[in-house]
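Consider the two complexes below, in which subunit A is the common component and subunit B and subunit C are the respective partners.
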Partner chain A sequence: MTAAVSPSSPPLISVRGLVKSFKGMRALDGVDADIARGEVLVVIGPSGSGKSTFIRCLNGLEMPTDGRIEVDGAPVQTRSNRDWRRARQRIGMVFQDYSLFPHMTVLRNICLAPQRAGVATAAQAEETAIRLLRRVGLAHKADSYPVELSGGQQQRVAIVRALAMKPDAILFDEPTSALDPETVGEVLAVMRELAREGMTMVVVTHEMGFAREVADRVMFMDRGRIVETGTPAQVFGSPAEPRTREFLDMIL
Partner chain B sequence: MTYDFQFGYIVDTMPALLDGLLITIEVSVISIAISVVIGIVGAAIRLFEIPVLSQVVGGYVHFIRSTPLLPQIYFVFYGFSGLGLQLSTFWSGVLALSLWGGAYNIENVRGGFLAVSKGLREAAGSLAFRPIHYLWLVALPLGVRISLPTMLNTAVSVLKNSAYLQAIGLAELTFVAMDRVALDFRILEMFAAIGVLYLGIVLILSLFVRRLEGVLQRPFRTS
Partner chain C sequence: MTLILENLPLFWTALLQTFQLAVVTLLFATLISALVGLMTVTKRRWVRFIAFAYIELLRDIPLIVNVMFVYFGAPLVGISLDPFAAATISFSLWGGANGAEIVRSGFASVSRHQEQSAMALGLKPWEIFWFVLGPQALLPMIPPFTGLFSLLIQATSLASIVGATEFFRAAQIVVERTTLMTGYSPAFLIYGFVLLVYFVICASLAAGTKKLERYLTTRQSRRMPSAATAVQPVRETV
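Presenting the complex of A and B:
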């Protein structure tokens, strides 16, 4: 099902038989996936198909009902908070609604986690934060509060906040869905840049242009299952499954 | 027949009343402080659903809120000494009021915690925050801001309910006033005096909380 990845190195994230039930309803119904280092995997599918549930399981925001998750070859005890905390230092997440801490400045939003986790000293964290902010064009906003920023700016800060932990991978759950159309581009530009630098990314999005251009692989989900996975050319150009074709016809 | 209101009587009794007021303030301030700590700790236990402790806290809150304060005061005063724990009248009063206010503050603070968006808790989780860091750095500063008005209500109630402590013989403001009434029958003068004094400290308490609110709001102001 999954496309072949470099056989020499183990996948960064590996998922087998992932099941997540909500009160008997299977939001995920046996999902297998491997995400290679440096890969950009874009997840698409209709509303309620389990995309969010899938990536939320990858960093323990949802406790899987069944299945195995390995990060860098090491199994994660999905019921152990300590295991997840360790995994989360390596797997960042960017949310649809940015979820910046509203009572902290941009700089503090970014520096807090690396300091707490012992990833960096205060001085290092600040230096990293400023450097990253400069890269996304927001160095002048370091001392602002989130409420003073536009949605696109907040989301770029949220990406920087995830990056400051020096993660091996970042998960994005519809990062541009809450944005005004005119600011979607600035966030996608940052993500494109990240992809180019080799960041491992799992992106749930409805931005098919982005998927086509940036994804190494596109995964189409429906009703808690992976219907098909392939390169953007395969999935968008000649989908193997009628269900994929149907979905793409509907949204394109 | 008209009542002969004597301001002079109030002036004469003022030193004794101020002594009572001082006790009222002491017992209230200490109880309010402890009840805030109980509120935060209890609400945190409930927030993280710590097994067993969470149920204990729930039971405690339920018990305090569904029984009258006066028996609670008697219980602490007589009950604890019965258990061999000798507490002075003052500290019995502090303990009873703290436990009472603490139960209400647990609910107040919990309300604030629940009003902090689930998304922020997930964001903190995804940044590998420990629960204690989430509590201290996110839930408290944001949640307490939300629950401050209800916590002020509880604080004012603690202050007013300190008058019940006359039942165990604490010489707080109401006790002193009632004592004078029993001696001299100057009822209206005494009620006027303690009315003004209670009003005054409630006002000061409210102003203090207003300022605190201002401090906690600052980061959210644009400009």
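Presenting the complex of A and C:
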């Protein structure tokens, strides 16, 4: 919550003029954004506003049609699969539907990528995995398969899987939207804890309570554009744009 | 019964021919299935086109025509094939086309999100294929492949039409010879015996793969454990 953002340090992720078209339809229409190290940016907006497309462009799951993306000052060649792979090893992602690998145990789910990427040896990866699992209260599930876990548990494992790569930032694409209401809290608790530890996070969510409490900045998007960005107090308290006010009135 | 015993040596060598034909065919059909099947899931459009053209072409021709075509067509391009070779080639090509379709749908059955989530972890394309998509695609391929194998084993009897002395052909020979010699046709008895043998072979294959499938299923834990899926008290120790 306390933005450890010094204005001199370059942003961890910098986006300029980002455009993404799907068959002539502009899902993103010229988005500029900077995400500072340690910052929690929460992206809100109506469905179809381009918020998911926005964060999926940040790790190249959607190839931007136009625009520039820099990670830690280094431009990502958006057509280069190798560049994207490197960027993805530094920017983790958590999906709405958890997307754990169903044929692997929890432990193997977590250890696969760090081992393959050479981030850790098998022993190190397992040690890290167990330590992280313990933190989210799931150490006893290390040898279980995803199907044996509840949605909330699976999503916590998915967060641990992203963390195991020791990423610089984690993108959350509606991480609680597919969860039963009673398990939303346990996932948000983990995310809150991550934010407190200074993890850089970009979170697309409909959880306005979480946004208000945890975000350093809230970005409101509509029709592929950023309508307004500000602190939670600004955006929720006194939105500058009528479109933002309209949206907030509708959902709050 | 004595008729079968009397002709046992003939039946036996013919059965061995059938086995040989089946084993070689299954081997090549599997290889072609894997190769062409993987071609259908690559990103390169022209590779996919070739694969789909092959699959469509071979699946749209009756197998019996295919066998005849290979056997009688080969000499036209200067290759002389014995019946056994012609049958093997023809069955393998046909089995490969059908198997490739099974491989393709196996991969299609894996959720697209799996690939994306593997990509998001920074895995390389071959790692995604080998560790994430491949293992998940394999399991749903087992039942249809069992069916295809069984079909191919049964199809080996078609080799008789180009003159390969396999099991079914041996039965025909026995029936014809006995009819000529004794004046009565043992067709019902002999073909009943043949039917039983094919049934036993294919049924044991099916039983075997059923076991394999069950083994892999428990290993991959698609089992729905009644106790473990029950809601657990949440331990919040974040």
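Operating definition for what follows: the second predicted complex is superposed on the first by the 247 of 252 C-alpha atoms of A that agree within 3 Å, B and C clash if a C-alpha of one lies under 4 Å from a C-alpha of the other, contacts with A are read in each partner's own complex, and residues count from 1 in each chain.
The rule we apply is simple: contacts are C-beta pairs under 8 Å (C-beta built on N, C-alpha and C of every residue); 3 or more make two chains touch, one makes a residue touch a chain.
Every value quoted in this text rests on a predicted model; they were computed, and no experiment measured them.
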{"item": "Combined model on subunit A: subunit C and subunit B, fit or clash", "value": "clash"}
{"item": "Partner chain in contact with A:P11 - subunit B first, subunit C second, else both or neither", "value": "neither"}
{"item": "First (subunit B), second (subunit C), both or neither touched by A:G224", "value": "neither"}
{"item": "Partner chain in contact with A:A189 - subunit B first, subunit C second, else both or neither", "value": "second"}
{"item": "Contacts of A:Y145 with subunit B and subunit C, given as first, second, both or neither", "value": "both"}
{"item": "Partner with the higher number of touched subunit A residues, subunit C or subunit B", "value": "C"}
{"item": "First, second, both or neither for A:P232, with subunit B first and subunit C second", "value": "neither"}
{"item": "First, second, both or neither for A:P175, with subunit B first and subunit C second", "value": "neither"}
{"item": "Common interface positions of subunit A, toward subunit B and toward subunit C", "value": "59, 61, 85-86, 88-89, 92-93, 95, 97, 99-103, 112-113, 116-117, 145, 147-148, 161-162, 165"}
{"item": "Residue ranges of subunit B in contact with subunit A within the complex", "value": "117, 119-120, 122-123, 125-130, 133, 137-138, 141-142, 219-220, 222"}
{"item": "Of subunit A, residues touching subunit C in the complex", "value": "59, 61, 81, 85-86, 88-89, 92-93, 95, 97, 99-103, 112-113, 116-117, 134-137, 144-145, 147-148, 150, 152-153, 161-162, 165, 183, 186, 189-190, 193"}
{"item": "Interfacial residue positions of subunit A with respect to subunit B in the complex", "value": "59-61, 85-86, 88-89, 92-93, 95, 97, 99-105, 112-113, 116-117, 145, 147-148, 161-162, 165"}
{"item": "Footprint of subunit A on subunit C - complex, ascending", "value": "111, 113-114, 116-125, 127, 131-132, 135-136, 220-222, 224-225, 228-229, 231-232, 234-238"}
